[in-house]
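The following block contains the structure, expressed as C-alpha cells.
Note that the chains are named A, B, C and D in the order they appear, and that numbering of residues resets to 1 at the start of each chain.
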Amino acid sequence: MSRPPTATLLLVGPDRKGLVAGVSGFLFRHHANIVHADQHADHQERVFLQRVEFELAGMDLAPAEIPKAFAPVAEGFGMQWVLRLSSDRRRAAILVSRQAHCLIDLLARWKMGELEMDLALVASNHPDHADAAGYFGVPFHHWPVTPETRAQQERRLRAELAEQDADLVILARYMQVLSPAMVQAYPQQIINIHHSFLPAFAGARPYHQAHERGVKVIGATAHYVTRDLDAGPIIEQGVVRVSHRDTVEDMIRKGRDLEKTILARAVRLHLENRVLVYGNKTVVFD
Amino acid sequence: MSRPPTATLLLVGPDRKGLVAGVSGFLFRHHANIVHADQHADHQERVFLQRVEFELAGMDLAPAEIPKAFAPVAEGFGMQWVLRLSSDRRRAAILVSRQAHCLIDLLARWKMGELEMDLALVASNHPDHADAAGYFGVPFHHWPVTPETRAQQERRLRAELAEQDADLVILARYMQVLSPAMVQAYPQQIINIHHSFLPAFAGARPYHQAHERGVKVIGATAHYVTRDLDAGPIIEQGVVRVSHRDTVEDMIRKGRDLEKTILARAVRLHLENRVLVYGNKTVVFD
Amino acid sequence: MSRPPTATLLLVGPDRKGLVAGVSGFLFRHHANIVHADQHADHQERVFLQRVEFELAGMDLAPAEIPKAFAPVAEGFGMQWVLRLSSDRRRAAILVSRQAHCLIDLLARWKMGELEMDLALVASNHPDHADAAGYFGVPFHHWPVTPETRAQQERRLRAELAEQDADLVILARYMQVLSPAMVQAYPQQIINIHHSFLPAFAGARPYHQAHERGVKVIGATAHYVTRDLDAGPIIEQGVVRVSHRDTVEDMIRKGRDLEKTILARAVRLHLENRVLVYGNKTVVFD
Amino acid sequence: MSRPPTATLLLVGPDRKGLVAGVSGFLFRHHANIVHADQHADHQERVFLQRVEFELAGMDLAPAEIPKAFAPVAEGFGMQWVLRLSSDRRRAAILVSRQAHCLIDLLARWKMGELEMDLALVASNHPDHADAAGYFGVPFHHWPVTPETRAQQERRLRAELAEQDADLVILARYMQVLSPAMVQAYPQQIINIHHSFLPAFAGARPYHQAHERGVKVIGATAHYVTRDLDAGPIIEQGVVRVSHRDTVEDMIRKGRDLEKTILARAVRLHLENRVLVYGNKTVVFD
C-alpha cells in the first residue's frame, strides 16, 4: 500500500497550442515518469486545466528544485500553477455542531487510512462529541457560540488553526456561519456539505418542504465555501430515492447517509489534488 | 399476456379506524379476489389513501353495479373514490413542439404494447412530426401558435379532445403554455415533463446555467399540470450524473434521455391508476 | 421522537379470498388503529404475504392476549404468523474480522439512535477492534479461530449468544464460516454482507477479477445466511459505478462504502420487521 | 452544431517515459490544436493508452499526410495506433430479431442526429420490422435463419456488409449466434447488449431466475463480441432497481428500457472513438 513518492502539478490558464507538449516536455527532460495526467479545455471560456502526477524517483531535480525549474515553462504559457508533493500531508480541522454522522464517518475513514491527512483538531460549539474525538485520538475544543461571542470564538479558532498549521477546514454539519474574513483567509480550503433537492427548496426545514411537495429524489452537495454561502464551487453531488413511504424522519436519515458519503468523497478528492477551481466552478479529475 | 379483467378502487379520505376492514369486507362479501392492495396513512395531515385492484370474474355484482353498491361504504367513512375498469382504456393525446425524443419514445412504447391506452391524436405547433405520427398510424394535427392565434388554437385543440373523448393529455416537450381554463378542465389528466437540477435553476437556458455552475447531477421531473406551471404534484423524478467532460450539448442529450424515460414511466403509472393526489403531492403505489 | 407503542403482525400463507377482510376485521373488532399495512400476492406460487402495524393504545386486548385471540383467525386461513411488539427490542451481536468499516458504521448508527436494538456484544477472531467496541460501550470478545479451535470457539459464541438472549447476529465482514448447526439455530436471524458484480465473479479475489474484466458497476448484497453460503434470501442490494480510473484499491474502497450502507439498511429493515421470507426469497415492505 | 473537422489518435503500447511528450510534441510541431486528450496507465500490466483529438485546421499537414508523418513517432515508442478523421463516418448495420425496443430507439436517435454514422441496412431473421426501417428510410433485409440456412444467410449478410462498406455491426437484441469467422472478420466492430444480474444467472430465462431469487437490482451490459459469446470487453453497464412488486413482465420491461439506453450509449462511445481495448478489457475515455 505504500506508494512511491509523487508530485502533482495543477495548472490553469488560457487555452494555447503547445501547452501539453510544453509541460510533458519539461517532465521528460528531467526524467520524470508520468503516473496520471488529465486535462480539460473549456472552449467557451478558453481556459485550459491540467493535472499531472509524476514519480519523483529517477528525476534529475530534487523536489525542492522543481518549482524554480518549472516556473519559466508556466510563465511562457501564462499559466497559474501549484506543485504538491505526496509527502506534504494536509493538516485538517473538523468543525461540527450537534449532528455527529459526518464527524464519526470522517474519523473512522481517517483511522482506517482512507483519508491521507493529519487530523489537527475537532472543534464544536457543543460539548457532545468530545468523547468521539478522544477515542480516535484527536484534540477536541469546545467553543460555544452566541451572538456576543461569535467574533471572539472565531478568533480562537483561527489562532488554533494557525498554531496547528491547518490548511483544510471541514464543515461536518457545522451550523455556524463563518465570517467573510475567515472565508477569504482559506480560499478553496474550507469544504461544506448541504442537502439539495430537485427542485430546490430555500429557507428553513427543507426536508419538511420536500416531504410536503412529494419529491421522489433527495440530494446532497459538497462544495468549497465562498462568501456566497451555499453557492461555492461544487466538488461532488449525490442523490437517493425517496417515496411517500418515507416520513420526514426517514428522509432526514437517508439525507444523513448521503451527506456523510458525499462529504467524505469531496474531502478525498481534495486531498488527492483532483479538484481545480476556475470561475465559480470546478473541474474534478477523478 | 392477456390478463383477466380487473377493477381498481382509488380512495382518499380522513384516517379512521375500520377503513381497511370496511373496504375489504365489502369486496369479500361480493366474492372479489384482491389482486393488489396498497395503502398509506399521512399521519401529519390525517389522510388515508388506498388503492385496491380486484378481479371481476366470480363477483356477484356486474361491473356497472359496483359503484351503487360501494357508495354507502365510502360514504360511511367520508371517503372520495374512483372506480376504474381495466377494460376502460384511457384515450390519450400527445402535444409536442420541435423536439421529438419524448414523442418517438412514447409512440414506440405504445406500439410495442407497453402503454395500455388508445392514442387519439398527436398535435403540434410545428409540422415536423407529421411523418412520425403517420408511421405509427396516429392522426396528426398541425396547429401553429402565435400570440394572436393562441386562444383560437386552444379552442380547436379542446374541440378535438372532446370529439375524441380524450381523457389524458401528454405534454411531450410541448413548449406552449396552456390556459388556466384548459388546465382546470383536465384536472390530473395533463402530464408534463421538465428538467430539474440540484440546486434548481430558474429562468432561461437552465442547462447552460447548470453547466456554468459545474453541477454533477441533472434531473427530470414528470408532474400533473396545475395552474402553478411547473409546480404541480410530482409523479416521477430521475437523475443522471454529468461532469466537466460534458459540454452543454452533452448535458442536453443526457437530459433528453432522462426526460423520455421519466415521462414514459409517469404515463404508465397514471394508466395503471397508481397515482393518487392530495394537497399538492402524490402517493405513487408502484 | 418517541413513538407510541405498536405491534406488527407478519403473515405468510396460501392466497385466499377474504384474507385481508379477516385480518383487518379482527383488528377493527378489537379497536386497533392500523398505522401501516402492506401486502403482496405472489400469483405464480399462490402465496399471500402481509405486514400490519397497529397501535396498542385503545385496544380492548392487552398485548399478551393478542396471540391467543388472533390464532383462530390465522388458522382459518392456514396462515403462518408472527407478532412483534415495538417494546421488544432485538438483542444483536456483531461478528467481525479485520476490516472495521461495517462495524464502526453500525456502532455509530446505533449510538445515534438509528438502529433500534440492544447491542449485546461484539466478537471477533482478531483483537483489533476491542477499543472501538469499548468506546461505544459494548462488550468485546476476542475468540481466535484456527482449524483446530473452530468448533470450540463456535460453542463459546453460541453459549454467549444464549446467555445474552441475542436473537440477531450481524456478520460485519466476518470471514469465518459458520457451521450448519449454528445457521439452523438462528433461521433468518443471521445477516451477512458480500460483494456482487455484473456479471458475477466466483472464487478468490473477486475485485481483482472484476478489475481485470473492466466492469463498470460493482455491487453489494445483504442476505440472510442459510446453509447455501452466499445464496440465502436477499434483503437489500446496491451498486456503484467504477471506471478504468479506479485501481483495485479504489474499487475495494468503493465496495467498502457500499457494503456498510447496504448492511446497515438490511439490519434496519430487519429490525423494523419489514422483511418476510418465503421459498428462498424475500418480500421487503419498505 | 457543425463542429470544425478533427482527427482522433488512439494509442496503445508499453508504458514508457516521454510518451506524452513525444505525441504532444509531434502535434505541436505540426501546429495542431488539441481539443481533448485523455490517457491511462495500467501500472499492473505496464500498458499505456492515449486518446488525442485535435483540429485539422491550421496544421501544416493534410489529413492524408498525417499517418506517414506520425508513424516514426509511434514506432519509436512501440505503440499501436489508429487515426480516425471526424469526416470519415462509420457505416453501420443493425441486426435485430423479434424485440424492437433497441432497434426503434437507435433509429430514432439516429434520425435526431444523436448518432453520427451512416445507417447502411437493417437485417432481421424476422419480417416484423420492415416498416420501421422503411419509415426511417433504411434498407431492410429479411433473412430467415434455420439450422440448415444459417451458414448461407451469414454469407448473404457478410456479402451485403462488404458491398455496403459497413464497418460496424450492432446486435440490437439479435438472437442468433454469429460464426467465429464472422466475429473475427469484425474485431471490435460488433457491439452486443445483454442483461446482467447481481449475482449473475446463467442459462435460460434469466429474468425468471432473478425474479425467483428476489433480486433487488437488474442490469445490462454492452460489449464487443468476441468468440467467447457474452464475455467480450465491456463498453458500458447500467442497473435499475426492482422489488417484489415487479412481476417477471415488469422486470423484462425495465430490462428493455435499460438495454436500449445502455446499447445506445455504447454505440455513441464507439462512434466517438472513446473506447480502447487491451487484453479483454476496455478503457473508455468518456
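Assume a residue touches a chain if its C-beta (ideal position, glycine included) is under 8 Å from a C-beta of that chain, and two chains touch if they have at least 3 such contacts.
Model, not experiment: these values are computed from the prediction.
Across the two interfaces under comparison, A-B and B-C, the one joined by more C-beta contacts turns out to be A-B. Ranked by distance of CA centroids from chain B, the top chain is A. Note: centroid distance chain B to chain C, computed from Cα atoms, is 37 Å. Rounded to whole angstrom units, the spacing between the C-alpha centres of chain A and chain B is 42.
Counting only residues that touch two or more partner chains, chain A has 245, 286. Looking at the complex, you find that chain B touches chain D at residues 1, 100-101, 104-105, 108, 111-112, 114, 131-132, 135, 245, 249, 253, 257, 261, 264, 286. Residues of chain B that touch chain A in their complex: 40, 42, 196-200, 212-217, 219, 221, 230, 233-234, 236-239, 243-245, 279-284, 286.
Residues of chain B that touch chain C in their complex: 17-18, 20-22, 24-25, 27-28, 31-39, 41, 43, 241.
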